[in-house]
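What follows is a pair of complexes built around chain A, which joins chain B in one and chain C in the other.
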Partner chain A sequence: MAAITTSADLERPKRERFRGARRRGGALGILLSPVGLLVVLFVLPMLIMVQMSFVEFPPNTDSGYTLDHYREVLTNDLNLKIAWRTVMIASISMAIMLAIALPLSYFMAFKAGRWELVLLLGLVLADELAPVVKVYAWQVILGRNGILNWLIPGEPIEWLLYSRFAVIVTLSTTYITYTTIPIYAAMKAIEPSMFEAAVDLGAGWWQQARKILLPLAAPGIFIAMILVYIPMLTDFVTSDIVGGTSSVMMGQRVRDLILQGGDWGAGSALNFLMLAASGILALVAYRLAKLNRIDA
Partner chain B sequence: MSADAIHEPGGIVLEDCRKRFGDTIAVDGVSFEIVPGEFFSMLGPSGCGKTTTLRMIAGFETPDSGRIWLGGRDVSRLAPQKRPVNMVFQAYGLFPHMTVAENVAFGLRIKKLPRAEIASRVAETMRTVRLEGMEDRHPGQLSGGQQQRVALGRALVNRPAALLLDEPLGALDLQLRKEMQLELKHLQERTDTTFIYVTHDQEEAMTMSDRIAVMRAGVVEQLGTPRELYATPATAFVAGFIGVSNLVTLRVDRRTEGIAAMDLGGGDRILAPDTDGARDELTITVRPEWIKLGADAGPRDSRVSGTVSDVVYLGSVTQVVVDLPTGERLTVHRLNDELGAIDPRPGQRVTLRWAADHSYVIGSGGASPTDGDADDEAATAPTGAAGAAQGRR
Partner chain C sequence: MADVAGAVEPRVALGAGSVRHTANAVGWAAFLGVVALALFGPLAILVGFSLNDSSILAFPFEGLTLEWYRQALADPTLREALANSLGVALVVAPLSVILGTLAAFGLTRFRFRGRGMVGALVGAPLVLPWLIIGIAALMGYARVDLDLTLRTVVATQTICTFPLVTAIVSAQLFRFQRVQEEAAIDLGCSRLQVLRHVILPHIGPALGAAAIFAFTWSFNNYEISLFTIGFQQTFPIWVYSSVRNPDHTAVVNAVSTLISAFQVVTIWLAIRLLRSRGGGALSIVGDRAVAAGTVAEGSGVPAPVGAPR
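Moving on to the complex of A and B:
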């Protein structure tokens, strides 16, 4: 018995060294596995698409590189029309969401009292619903025999569903949580005494909003815009389900080019142009937000 | 206090103001008058209603009843934007996204003053609050004391009829606080502006104020000059709140030559001016610096024996706490002005004495000094006895 204990004691340092090494290896493994996943599932397909956008059509082992796909995509009238429409739909939806999110955030941050948490929870829960379910719900609400047309007397209104209107309404409700939360967080960080100080110095509500609230909430507003505007530019589910022929968006166009037309070159080129545009947009927003950031 | 002065700009009158929040009565009938150019403090523990009173003057709270007059105009229901007063907040409330100069210019820009006038008044104010060269900094880059001065400048640039200050030095460390106290006082004198100052720090209030309203539970306990409050406290609360004070109950055993006496046996006695011949039980307060150690008491001196319980060396004075046979305890301050003086030790028996006139009978003259003129400090003699004498008149 005593002998066994002794041998175990002797072995302990070695085993601990081993275990320590394994622990270090484990930590590395934990770090590397998501990176590996990212490379295999995200970076590799992206690289393949980058290559596709530059390779002559049809792609063979000996096909050369070309800028034709980009030229074609950029000169195609339909693409430009869809791009313009997509920007319009996303911008209008963004404007609607900001118009709702700004007062809502202000109310939550400063006036709601014990309702603050309830509202916050409501926003989060609204986002927990699967996006596709929400889109189908709008189909039920806006349809020819839908709830809205049932409530409104007279002939059913045709343009409620399968229209730009439907796409804008659906997008605006889909992303309202992501618009509100960053703005709310930025406003929550504002010392309420600042408004009293502004009032004391003679500022009315509009001057308080313009000179105190908006500049201080600006970082949150820009984050919300990046978070929401870019996904809206690439969204295709919403437009598929509640949109019509007049509301085809860029996301749908890319998918149709590749999956229906089999035109990987044009699809990939369009995709990377959108990515570049989004990147520039994000960069501009970041710079603007940084300008307004408070010097601490 | 002339009747007309309070109707000039900077004069403020509160008439029986009351304010409650739900079940809590914050302010329960506060009335006072502030003359233009006065440094007026509201002093009291937290929850005494001092900040609510200040916020009613600023317009952030509306009194449930009562009226507030600013420069002869009833402003009780006026929006804060429209009142000719400005406030310095406890947390400063500086605008972090604006430079120091933009912060200071804020009020003038709101009023849409000409650009040149804004520039000259901002420059002037930056000099007044000693912030030259800091114009383009942001508040986050400034020290606590500098932020404090920005807050002062931002308010003073509007040339308010009165400047309201809500515990503005609370966030600063002790050294800086003492510096700022004197600076505030000088600023007030230079700008000749009415300052209304809220604090729970009696020393701060004593340092700066022309007059102090000591508040408790939503009412003003006593209003007077620092000297009056210290020498002739109207209530035991005021005596306890302003400085260190000894409260002793005196049950009158005999009355002779205007002196009420309580005998404690063995020749020990507590004496006080007999200001109220009718009462048999008086509450007196004796300031620690008036009590002497040693037995050579004259016929008009109180003399008590007790046991030393604590001795604390405070630098310029040594604080000696003595337990009396009556169960009360007295704090004595012994001035350390002699080399080699030996402090008593805990447990030691000591005899204390103080002049009968240094026993101040609480409530005896507390009401009358506050009716006097604010500037009439000469009328209030430096000792409690004289204050009491004034009260008898």
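Moving on to the complex of A and C:
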């Protein structure tokens, strides 16, 4: 009996203590180390990078501040050319990925049955394998003596590797998982009985796609596009390994400015511009995701 | 248009319908085959070449050999690179699990002012490109005169990896009714007992999976390592420099095969762990953006696979 009364007595204060801690210091204590490390190792370096982009002779911060690096970066013809090419390569790859991801997510969400999980597992597995190895594997396929040139009769085709073609092919397989999953998640929320109703009302597959599937999946599609653009615009591994001089991309340009040229001013200015672009795109996607959630 | 006409009287021509059905199934199978080929075909061919008795990457295959595996395992530079990657990943993974779990608890179990800001901050490394983070880290370390070593690699990789753990663990905590914790407290459990008997059994598998994914992210990372490392090499950096050397490619194939085989097994294990608690978490791993959304506000968690709509 005594034990029971004791535990009943303990119950209330304990619970209040728990809740009180939750309201006051608890969050601070738990979040202190992860957030503190993020501030020191993530936010501060970003600020230092921004500072460097305004310093006249980085990394010497006493040399005065200037806007010259931005002026130089934005008026340099080579930069503009590379930026334009990067956007083109990323956009073509994006179009190819959407052509694959849209039917794939439709199949996963509505048709796959017990294969749905298998496909999702396959996509995650494909995404998690070493990226450098995956890109290198395309060298083996597209090379002068690669499997494609072996399959295609006649003289070996030179432009298969170390070309824009190779970069586009490789990029469009690299981010399939990132493109498919948001679209699949959006489609998963669509009521399948809508398609049945549409069929009963005489709609064909094209009308179903245009009037039901695409409008309802649109937020997922936009989110996928935006969030795959961000890594594609800064990708330098792919164009380094399978690309050539005609496919130099923005990521390579910035990497070379910093690591080879030692030009921290121009490098950090370009880097900050890319950071700003990525940040804005990410915010837009995030807003879209939120709107989508309220609608649903 | 033909489709519309067919749909008006769909049940009349049953035979035609089943033909169309079969044609559809064949079409889908072909499509999925092409996608699978694009995703895994290159790696399969790499495996083939790793066993090919020729140092030139050319078809057709010339015979079986294990020579490249022998050379790969004997290469001192490669062994050092592998040891470095392994060492870094073995530190980054547990650090990420601890930091990521703390952040997940803080963000899902507490309401406080600035929660949105903190969520966005933790989610940011998942969305922002590693190239940009790597360059910023390089400049940050230079600014405070810190020598670049494996330690700087560990530091920057950890802050880019623990948000993934936060996303995976948060997804589990969201799905888990807080009522259960409160019921345990009402029944007289101490906070430690709640942790041990209620929370840990629930998020345990996710923690295991998160550790494996954190290890894999760290091991595979090229961009951050490139900018924050000193004179050493990690495995991805070694591959990167070796693929430019035509004499080396057979060895790259062999070691890539070994690493990929190991990763297929461990990632499969991690996926199984996540699956045992519903498939929603899978999407988080497969998509950094979904992960960032989960961290920032608990949005973007898709319906668990196979759940009734």
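Descriptive notes on the structure:
By definition in this document, the second predicted complex is superposed on the first by the 246 of 296 C-alpha atoms of A that agree within 3 Å, B and C clash if a C-alpha of one lies under 4 Å from a C-alpha of the other, contacts with A are read in each partner's own complex, and residues count from 1 in each chain.
To be clear about the criterion, contacts are C-beta pairs under 8 Å (C-beta built on N, C-alpha and C of every residue); 3 or more make two chains touch, one makes a residue touch a chain.
If you're wondering where the values come from, they're calculated on a predicted model, not measured in any experiment.
Look at A:L216: by the touch rule set out above, it reaches chain B but stays clear of chain C. In the overlay built on the shared chain, the residue A:A126 is in contact with chain C alone; chain B does not reach it.
More residues of chain A lie in touch with C than with the remaining chain of the pair chain B and chain C. Looking at the shared chain after the overlay, A:M194 reaches chain B, while chain C stays out of its contact range.
When the two complexes are overlaid on their common chain A, residue A:Q207 makes contact with chain B and with chain C alike.
Across the superposed pair, chain B and chain C both touch chain A at residues 191, 199, 202-204, 207. On the chain C side of its complex with chain A, the touching residues are 1, 3-4, 6-8, 10, 28, 31-32, 35-36, 38-43, 45-46, 49, 56-60, 99-100, 102-103, 105-107, 109-112, 115, 118, 121-122, 124-125, 127-129, 131-133, 135-143, 155-156, 158-159, 162, 166, 182, 185-186, 188, 190-191, 213, 216, 219-220, 222-223, 226-227, 235-236, 239-240, 243, 249, 252-253, 256, 259-260, 263-264, 267-268, 271, 275, 279, 282-283, 285-290, 292-293, 296-297, 299-300, 302-303, 305-306, 309.
Only residues 7, 10-11, 14-15, 18, 22-23, 26-28, 30-31, 33-35, 37-39, 41-46, 48-49, 52, 59, 100, 103-104, 107, 111, 116-117, 119-134, 136-141, 143, 145-147, 150, 173, 176-178, 181-182, 184-185, 188-189, 191-192, 199, 202-207, 223-224, 227, 230-231, 233-237, 240-241, 251, 254-255, 258-259, 264, 267-268, 271, 274-275, 278-279, 282, 285-286, 289-290, 293 of chain A touch chain C when the two sit together in their complex.
Every residue of chain A that touches chain B in the complex is listed here, in rising order: 191, 193-194, 196-204, 207, 211-212, 215-216, 292, 294-296.
Interface residues of chain B facing chain A in the complex, by the touch rule stated above, are 58, 60, 80-81, 86-87, 89-97, 106-107, 110-111, 138, 140-141, 154-155, 158.
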